[in-house]
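In what comes next, subunit A is part of two complexes: it sits with subunit B in the first one and with subunit C in the second one.
What follows is the complex of A and B.
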């Protein structure tokens, strides 16, 4: 300022005059420039001279600022409003709401030729800008032509151009109407879609062409034709790129225009979001609801084919990409066939690589989100949907968003699977599938643990879980005639697999002693995922083993073994032949998994059956001899030949419900004869018959028909009584059969349902009369014919097994515990939970041994409190009086 | 040589002397823990366990017993006075201590709660034949408790441990008052 003041002092009248003149000249010159009359300035040096004069007097800054201001004003006045007007027809009403402006966009874009309009108006405004730049350069020239320019002024002058640029972009930005971004986005999207359809269309054409060429060389092998196809594809790629060039050029120009107007980031944002939304649509389209085919590769291919091509061309056009010039040269690098290469692009620029990574990550993420949302369905059809699982695994490996999977899957499990309506079998199947599927996704099992816990917890609350698990374990092949035939995910194969694994694992363990192997193992070590629960121990202990996970539902393998024993006993007792091959196989597998000792009882049961077979044939032989010796003995139709016995060592079998029946005399004789012979063969041992067990095959002959049945002995005994008389009252019949009336009523309903007997009310309200239906009415016959087909081998329909079920055993155990608890509380007054637990552990050691956990005991005690048998006082349990 | 032999004899004799005088049964009663640990305690253990199970399952009203936490040879019992006797509405705690040669010897049974009864003294000792000379290995905890329960209602006034009670027995109303006065309900 001091300098200026001095300069001011030094000014003379003449100087002042000159300054004023020059300023006026400059101002009019500027105005005429801006009004488009370039000729005035270009021709005359007057303007330049005035500028020079002004700058001579140190007014350079004034000149520059004034000029810029003038430019801005004119730009704002002329170009900008015109430019925006073309995008926003309603821009006069500046208060247009977002909604209406959005609809404007739509209407705008729906108009034909909106692209041309965009490019045209862009071109126009760019022209304006270029024109202004030209003016600015004239000014600069005249300013700089002065010769000796102070360095600080030179700096100032050099900032004029960037300032102009800044001015332009800030003016545009400050007046930016809302729909513009949308327009840009839509524009890019449209272009991309066009490009995409063009490229995919071309590709398909290429494939067709390759097929044609394949036809041409029919003698060539498959490989050759495929190679030919690839070549053709490459050629097509190039042609596509060439065709695209025009399109790309347009876009490139547009982008460059936008950039020059300072819309770099806006533009990038627009085409990035266009690409991403297109990619998302593509992923959704490709992924769809079909889980049977992998889609990741095709998505990647698409990324290569469409957006990357586009970006490559675009970046190339803008001059950001290195080596884009030779993208069409057709000179392929020898690595061109590798998937990581870019078709048609030889040397990907850094920018492009970054784009590719971004796009792929985005693709991974959207596919992952898509799959996670549908994970439940995917797992439902697991073995078929494994490609989808593989895809998901790759996505998760890349994105690392496993916790998202866990959260979403658990919530869908809770919502869809762990409900009262789902059958235990289904839950178990889904659980197994989940284990298998998650084993692929995450071999460490960390996430499986998190996901499995709610299922396990839920299953523990179901009563039939154990039964279902054992059924799944044992009903491997063919045994699922009753079930839905879901042999695919039976656990038996898992048992098999497990057996193999275990062997190989042992082998591994042996090798670990080897230093080298240990080193290799050490090198292979990877830390647990961060989500791992440190309380669960390291992954070495966390082996994923389906059976182990099933057992962990139940809590202990003992319960599982026990249930298996009961089911096995049931199965064995209902066998009429001695064919136990499949049972033996299952047992061997179970032994591998659960250990020899725990399956000992089952083994004894099977051995009983094997022994029975031998003994049975021995006894039959001796019986046959006996009949030969005294041939006069005529047994009629009942002989030992039709009779097979299963001799069990009842100590090792589960408790068998005894139910007394009076079998028919002939059978009774047979039984005692058999028992006598058994005693002869197996000297000190005697047979004790369990008459209510076993199966009876019988044929009922009526006047007009004969029917075959396989029934329980009680049912057989009942129906045999009707040989003696055609009608029985239920009380008399019960006495004759030797069962209580209520049991008889239950058993006899089988025959009633088969239409063999009819029930009619007797004299007494609870005394019914059963009569044989000898002649069948037509309606009956139809029903019967159907019935016999369905239930030819019907046993107890009520599902009332001859063995005490696990639940019954549990109930029995619990009543014993209750008595013990009441006993100790009577004598000791009040006891804490721990003391009750310890006392039970100490004294309740006879069968059934107390083997419950403190928690189980606590819940049991809570049950007793609810039944008002106990009370809780100050943390101590006391008897309720 | 002869001396040598003598020495040998002595050597064998010396260890035998402590064996000859084993701990008296009374001592064993005081240390039931040891009883349970002895080798033949195994049989006792088994017997007592099955008795416990039988007792728990029988569900007899008014009698109960359970081993103390430390040992199965020391039990606490509870007897409620039978209906329609002067003891109605009372419950008495007992302690039962089983010898290591149970069931060939009877257990020692005492009342922990003071009980006014002709055959029970102030220390809780019981005069009951089956607990002394009439003991048989066929008896078990349950029968003992049932016997004591019936003894409450039907005392043997011939050989009273508590003469006052025996004298008062004829006056049932007074006796009842006395029973209730001396009865202290267990905590």
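What follows is the complex of A and C.
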């Protein structure tokens, strides 16, 4: 400042005059430059002289600033408005049109030749800019030609060019109309689509040749990019068509123009978003609703083939201009400003690698979102959809958004599966598939735990869950018509697999004693995912065991074993041959899983069958000998030949409902004969007949046909009565058969439904007359043809099989505690369910120990309420008075 | 109901095959073995399967036990007595 003041003092009149003259000359020169009148260049000497004179008097800054301002004004006035006008055609009409609607943009883009317009106007404005830069350089030259320039002035002069650059871009940015970005985006998208279709078309022809592997390709093109713009053309001629190259060149020019105007980040945004939206569309198109084929690989290939190639070419093209741009552009985004390649190192540029990572992550994410949204359907057809699961696993491994999966899947489960309309079988099926599918995605089982919990909770509330699970476990043949047959198969398979695993696991355990093995195990340890519930130890999570998870639904294995025993008993009692191979197999598998002791009773039951078979044949042999000796055989009478028996150890079977019937006399004789012979063979053991149990195969002969049936003894007895007499009243028949009338009516309905008997009202209102049908209509005949097949199931449907149901059994066991409960409630007045449960657990430790669950107690207490012994008030149980 | 029974068709049943179910029981007076307190129709604590594998045995005094139970008892005594009635133990012929 001091220097300046001194200089001011030193000014003479003449000096002042010279400054004013020079200034005027400089101003007019500048104006005429900017008006495009290059004729001034002729007397640029004069201009330069005036500039020099001004800077001589220390007015360099003034000169520079004024010049820049003039440049800005002219730029704003001429170039910018013209430039934007071409993108904003409606700006003439309304002032508010800067907020242009999207449709406007579309209409703009859809116009033919809009690309040319974009390029042309860009070119124009760039020309303008270049022209201004030229002017600026003239000024700089004249400033610098002064000779010795003070170093601080030199600094100032060197900032002029960047300042100009900054000015250009800020002017453009500040006047940026809204639709411009959209236009850019649409432009890039259009170009990319063109490119994509071109490349995919080419890929069909010679994909292997041109882009055989992604890495190889990028290497090759990278080399090309390093070789410069001219060589790009040559190298690309081999793989990419000339037109393609032309396209990229056009884009490259455009991008370079945009960059030079300071639109680097805007441009980058535009083509990035264009690429991403194209990628998203591609992913959706490839993934679609087909879960049977993996798509991830083809998506990756596509990324290699189209967007990366595009970027590579683009970056390569820009690469040669990077030299001068780097020097004067401070606005480039960090991603864009990196050098395109490492000299001497043969690998894809860092820039390209970054792009690839970005694109792949995006592809993973969009595929993952797509799959997660459809996870329910994917799991429904699980074994077929495993490729989709694999894809999803890879995506999740990369993105780590497992919690998204859990949330979305749980909500779709609640919405679609855990509803009253879904059958328990279906839910279980889905659960098993879920376990299997998630096991692939996440071997540690953390997410499975989270997903499975709602299903388990829901299933626990269903009554038939246990039954369904046991059926799934044991019914390997998958006979059920609901389509759950596969499930049964898979669970039995699971049993099998599990058995093998268990053995190998034992083997593993032995090895752990070895230090080396322990070390290896320790090295293999991996921490649980962060989402893991710390409340649960990781050790029990290690092995995802489908059976274990199924059992955990029920709560205890005892219940499952018990249910299995009842179902097994039912199955065994309805066998007419002694074929129990599959049951033995199942039992062996269950024994491995649930322990030998818990399956003891089932084992005895199966053993009974084996023993029965042996005893049965022994008895028959002895009977045959006897008849030979006696040589007298009643004709038409039933012999032991057509009679078999299953002899059970009743203590180990589930309680059996006794229902006395009077079997036909011939059968009665056989029974006593059989019992006598058994007593001989197995003295001093005796037989007690369970006459209502068993299976009878009958062939009923009519005039023109014979019909076969497989029925229960009661039904057989009933129909055999009609051999003696063609018409019975229900009371008489009930007396003859030896059952109460209501039971008879229920059993006889089988024959009525088969069209063998017909029911007609009798003299009494509650007495019916059953008569044999003498002539069958066609419809009946058809019904009969199918009849035999459904017999056994019809038998089941009649309800109340010969075995006491689980509930009844439970009821029986619980009645012991009724006294306790009543006593408790008299003492305490009212008690909540939990308290009753706990008290029982505390005090009933002597035989019989109280081992029921809260749910079981609750259902029992509900029974007591129904019997009006108890009452429920505000969630508390009280005695009914 | 004017129809007489003769007009109705009678069912003829041929080729029937009857599969009955019975449960066996030891013909003992008591329900449970006096030694192991297990049901006779079950088996003694050492056995897995009831019936032939774990038979019953009667003494001269007509008391019955699981064979395995009474054998254990008899073998542990120098002069075996029936655990129920204290008479000298002899197997019933």
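One rule holds for everything that comes next: the second predicted complex is superposed on the first by the 701 of 881 C-alpha atoms of A that agree within 3 Å, B and C clash if a C-alpha of one lies under 4 Å from a C-alpha of the other, contacts with A are read in each partner's own complex, and residues count from 1 in each chain.
By definition in this document, contacts are C-beta pairs under 8 Å (C-beta built on N, C-alpha and C of every residue); 3 or more make two chains touch, one makes a residue touch a chain.
Please read these numbers as outputs of a predicted model, since none were measured by experiment.
> Counting residues of subunit A in contact, which comes out ahead: subunit B or subunit C?
Touching more of subunit A: C.
> Touching A:719, do we find subunit B (first), subunit C (second), both, or neither?
Only subunit C is touched by A:719; subunit B is not.
> Have a look at where A:835 lands relative to subunit B and subunit C in the superposition and call it first, second, both or neither.
Touch status of A:835: first partner only.
> Tell me which partner A:353 touches in the superposition: subunit B (first), subunit C (second), both or neither.
In the superposition, A:353 touches no partner, neither subunit B nor subunit C.
> I'd like to know which partner A:440 touches here: subunit B for first, subunit C for second, both or neither.
It touches nothing on subunit B or subunit C.
> On the A-aligned overlay, A:854 touches which partner chain: subunit B = first, subunit C = second, or both, or neither?
The answer is neither, since A:854 touches no partner chain.
> So, does A:703 touch the first partner subunit B, the second partner subunit C, both, or neither?
A:703: touches subunit C, not subunit B.
> Using the superposition on chain A as set up above, list the residues of subunit A that contact both subunit B and subunit C.
Residues common to the subunit A contacts of subunit C and of subunit B do not exist here, since the sets are disjoint.
> Per the contact definition, I'd like the list of subunit C residues that touch subunit A in the complex.
Of all residues in subunit C, those touching subunit A are 1, 5, 8-27, 39, 41-42, 48-52, 56, 58.
> Inside the complex, what are the residues of subunit A that reach subunit C?
Touch residues, subunit A against subunit C: 573, 575-576, 600, 603-604, 607-608, 611, 638, 642-653, 667, 670-671, 674-675, 678, 682, 684-691, 693-703, 706, 713, 716, 719-720, 722-727, 756, 769, 771-772, 774.
> How about subunit A: which of its residues touch subunit B in the complex?
816, 819-820, 822-824, 826-829, 835, 838-839, 842-843, 845-846
> Which residues of subunit B touch subunit A once you look at their complex with the stated criterion?
Within the complex, subunit B touches subunit A at residues 49-50, 52-53, 55-57, 59, 64-69, 72, 75-78, 93, 186-187.
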